[in-house]
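Letters A, B, C and D mark the chains in the order given here, with residues in each chain numbered from 1 onward.
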Amino acid sequence: MRIARIPVVVGVSNAGTANLATLSAAAMDAGAAGVMVAPSQGLKTEAQIVAYYDEVIKTLGTSVPVVYQDYPQATSVNISIECLLRLIDKHPSLVMLKHEDCPGLRKLTQVRTECAKPEHRRISILVGNGGLYLPQELQRGADGAMTGFAFPEMLVRVCRMHAAGHGRAAEDIFDAYLPLVRHEAQPGIGIAIRKEILRRRGAIKTAAVRRPGPKLDSTDMRELDVLLARLEKRLAANDQIAAE
Amino acid sequence: MRIARIPVVVGVSNAGTANLATLSAAAMDAGAAGVMVAPSQGLKTEAQIVAYYDEVIKTLGTSVPVVYQDYPQATSVNISIECLLRLIDKHPSLVMLKHEDCPGLRKLTQVRTECAKPEHRRISILVGNGGLYLPQELQRGADGAMTGFAFPEMLVRVCRMHAAGHGRAAEDIFDAYLPLVRHEAQPGIGIAIRKEILRRRGAIKTAAVRRPGPKLDSTDMRELDVLLARLEKRLAANDQIAAE
Amino acid sequence: MRIARIPVVVGVSNAGTANLATLSAAAMDAGAAGVMVAPSQGLKTEAQIVAYYDEVIKTLGTSVPVVYQDYPQATSVNISIECLLRLIDKHPSLVMLKHEDCPGLRKLTQVRTECAKPEHRRISILVGNGGLYLPQELQRGADGAMTGFAFPEMLVRVCRMHAAGHGRAAEDIFDAYLPLVRHEAQPGIGIAIRKEILRRRGAIKTAAVRRPGPKLDSTDMRELDVLLARLEKRLAANDQIAAE
Amino acid sequence: MRIARIPVVVGVSNAGTANLATLSAAAMDAGAAGVMVAPSQGLKTEAQIVAYYDEVIKTLGTSVPVVYQDYPQATSVNISIECLLRLIDKHPSLVMLKHEDCPGLRKLTQVRTECAKPEHRRISILVGNGGLYLPQELQRGADGAMTGFAFPEMLVRVCRMHAAGHGRAAEDIFDAYLPLVRHEAQPGIGIAIRKEILRRRGAIKTAAVRRPGPKLDSTDMRELDVLLARLEKRLAANDQIAAE
């Protein structure tokens, strides 16, 4: 089996810079390709965001590749395009944006457009949020996804097909899965749904979520049965259309 | 033209009971079928929620049908099943739940199950949140939808087909629209997308959103073109399958 | 009676620019000295804050004096010094800051320091938050207070004495009232406390707070009796010391 | 030196019950008198709060004394009197309330009143929030304080004097410190102020706050000098009055 070439980015977000540095060192020692850092909750202004990443990157050293996680729904920290560009210009080790702002499609376009200008530089953009807007995000310049979904092969396939110029077919596949993408995107219970599907697929042994997390009841289970049966049927129909 | 028979429920939510009563009186005088009241922001406990609705309903009088809007994402007020049942038991004029909690599927099932018991009574449940989970909600006992979407005829058709026992076909139709349902569900920009579609369909003259609201740019417009073309194609394919 | 010379600033904050402009016109026609505008909830970046005030001031016209209300606890909008200076530089009609950020003492110093530089210009700074940090704020350059307290004559006296160079004595007076300032600063119930004191002082006829607002119970009343008696005793002691 | 008899309660709040149990076992093994558990963020209804503590206490075992930390400003979980009483009735090992709700004075009175009824049982109540309302809280039935302040001897003295029936004199002492209590109560910078005072008093060697925490600048330092000098003067004046 050859899986060694898949780069792994480790989330090390922590309010305290010292802890963040310790976690990062451990991750990099273990072979991580880089670390992902969300802005610490409580940062209120662009100057504070810049100061925070200045300190984080100074502490990590410039040889550790850093991903900026832009997830204001969780962090309550909003970064503007202008501020993100300041960080990119200042810190060569900031090499990727994990894009999870919502609504975020225009922001993605703007980051991509600005970074293409000679005064800035290109960074990678991977999207999160369960991939709920993946086709639109790829069309606007995202490089891929870095998110949870019970059928990761769909994410891979959609990204590859898009990269190969088959955007429409990629979106057809995505749309077939969309009812489940949406179902998993429910806050809280979504993680239990994802784990249950992964369990049914044999990827994990138990669907248990860390206590006191959510548990699926019998109604949730029957609902999931229906959604999975519908997915199978639709994928079969898609294949038939492709074969015709 | 006969449109008079469509009942209209008017949202009159207001932190102050006096304003709420004035708005309600105006709405009922104008022919409203009832009023919708969300719990006032700042209510923190079940006892406070009950006291608030006690006062509201005392002020309105018991002849005004009241809808409880359960939308904690906007109000920051969470109501439990137990508390909702207390309100239903106490106030016969509370006749409907607008269900918008998320995750909320299990809550919907629980309200429906509890209200079917002899010690309580049935209330109507209409769902919101742009209809993102409409098929699942109908299957769990919702009576219909009361929400915004640029193709309201889809919501009507899905509800009618479900009521007629054609749940699978209803969900097929829903799924065809799901990419757009999801697209409109984006916070902020979603309202501008909905208005632009309604404008294109001839339902409204201008897509302008109240300043300083969002505006679609040329990228947003092209993206919408693609999504609408895909919808048309898929609806045609659905019709063909149905015809075969 | 001559009260005409007291300038009145009217709060006209509204998410919609059109409503805001209508309210402002009514206020200015009625003799207001200016209008106070808080940033609309939902503004997330400095560019958005600047764009919002650009539009507001364009709509109001440059002859209407504008106060920026910096109250992130209520608006969830945080403005940096840099962004505030951009607004001040761009808009001559922005003439005052209502300072209510907390912690906010350093911010006040920074605004005062930056505005004293030749590339910017002086603006007035009045403080809010019930005056809880008034002496410190005056020492850091605030021009006065614009806030609610049941003994407004204390606010006036402290500001005047500070302006006259008697900062220590001003703080002695403030400290005598501090237990009540703190008591009124309680969220929610504070407004009922303030109205009850104003009623006891004969300033208003009823202490009723708009329904469903808070009401003082008998324990609250007795507690207030004690706090007011303590204030009286302490003011008498202060006067005695001053007389010695 | 004899300090062994001071009971120590260790905060072990954690969203995951398994981690919470591990931390508790470590704390109890190290000699803790009990553990303090705040409700996990995301609990939305009273039924969920009860279920959470049911699980926590089942996991800890009934021999570990538990403190309920009621601090909705940080947890976003509001507990009603009714719900707290349910927990107290159900779980004999729940022996203390750390009271930090704000506004919270009436709640304190209600808990104390209800717990005095024969159908419930007495629990200890210690107050937090930096002691900002300590005299009022003691008068309403609190047993003491469990909070941070740079002069802990004031908290001890005020509680002891109140318990000895000298409530007025206790409040005189408290009021002398109130300008500093309020100064330390500033969010964020408050912890840096407290550490700087503790450093000046010789209690700690450095006032450094964990990065990227706040640091006092020279203006903050001068302001603190003035506040501390005023405190000293006022304590001296109090002593003189007491001596007369």
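Here, a contact is a pair of C-beta atoms (placed from the backbone, for glycine too) under 8 Å apart; a residue touches a chain by one contact, two chains touch by 3 or more.
Keep in mind that what you see is a predicted model, and the values were worked out from it rather than measured.
> With respect to inter-chain C-beta contacts, which pair, A-C or C-D, contains the greater number?
Of A-C and C-D, more C-beta pairs in contact link C-D.
> Please identify which chain has its centre, taken as the mean of its CA atoms, farthest from the centre of subunit A.
Using the mean of the C-alpha atoms as each chain's centre, the farthest one from subunit A is C.
> On C-alpha atoms only, rotate subunit A onto subunit D and read off the angle in steps of 5 degrees.
So the copies are related by a turn of 180 degrees.
> Can you check how far apart subunit B and subunit C are, centre to centre, with Cα atoms defining each centre and the answer in Å?
40
> Measure off the straight-line distance from the CA centroid of subunit A to the CA centroid of subunit C, and report it in whole Å.
44
> With chain centres defined as C-alpha means, what is the inter-centre distance between subunit C and subunit D in Å?
Computed from C-alpha means, the inter-chain centre distance equals 30 Å.
> Which subunit D residues reach two or more other chains?
188
> Can you list the subunit A residues touching subunit D in their complex?
16-18, 40, 42, 51-52, 55, 188, 210-212
> Can you check the complex and tell me which residues of subunit A touch subunit B?
Residues of subunit A touching subunit B: 102-103, 105-106, 109, 132-133, 136, 139-140, 171, 175, 178-179, 182-183, 186-190, 217, 219-220, 223, 226, 230, 234.
> State the interface residues of subunit B toward subunit D in the complex, per the touch definition above.
Residue list for subunit B touching subunit D: 44-48, 72, 78-83.
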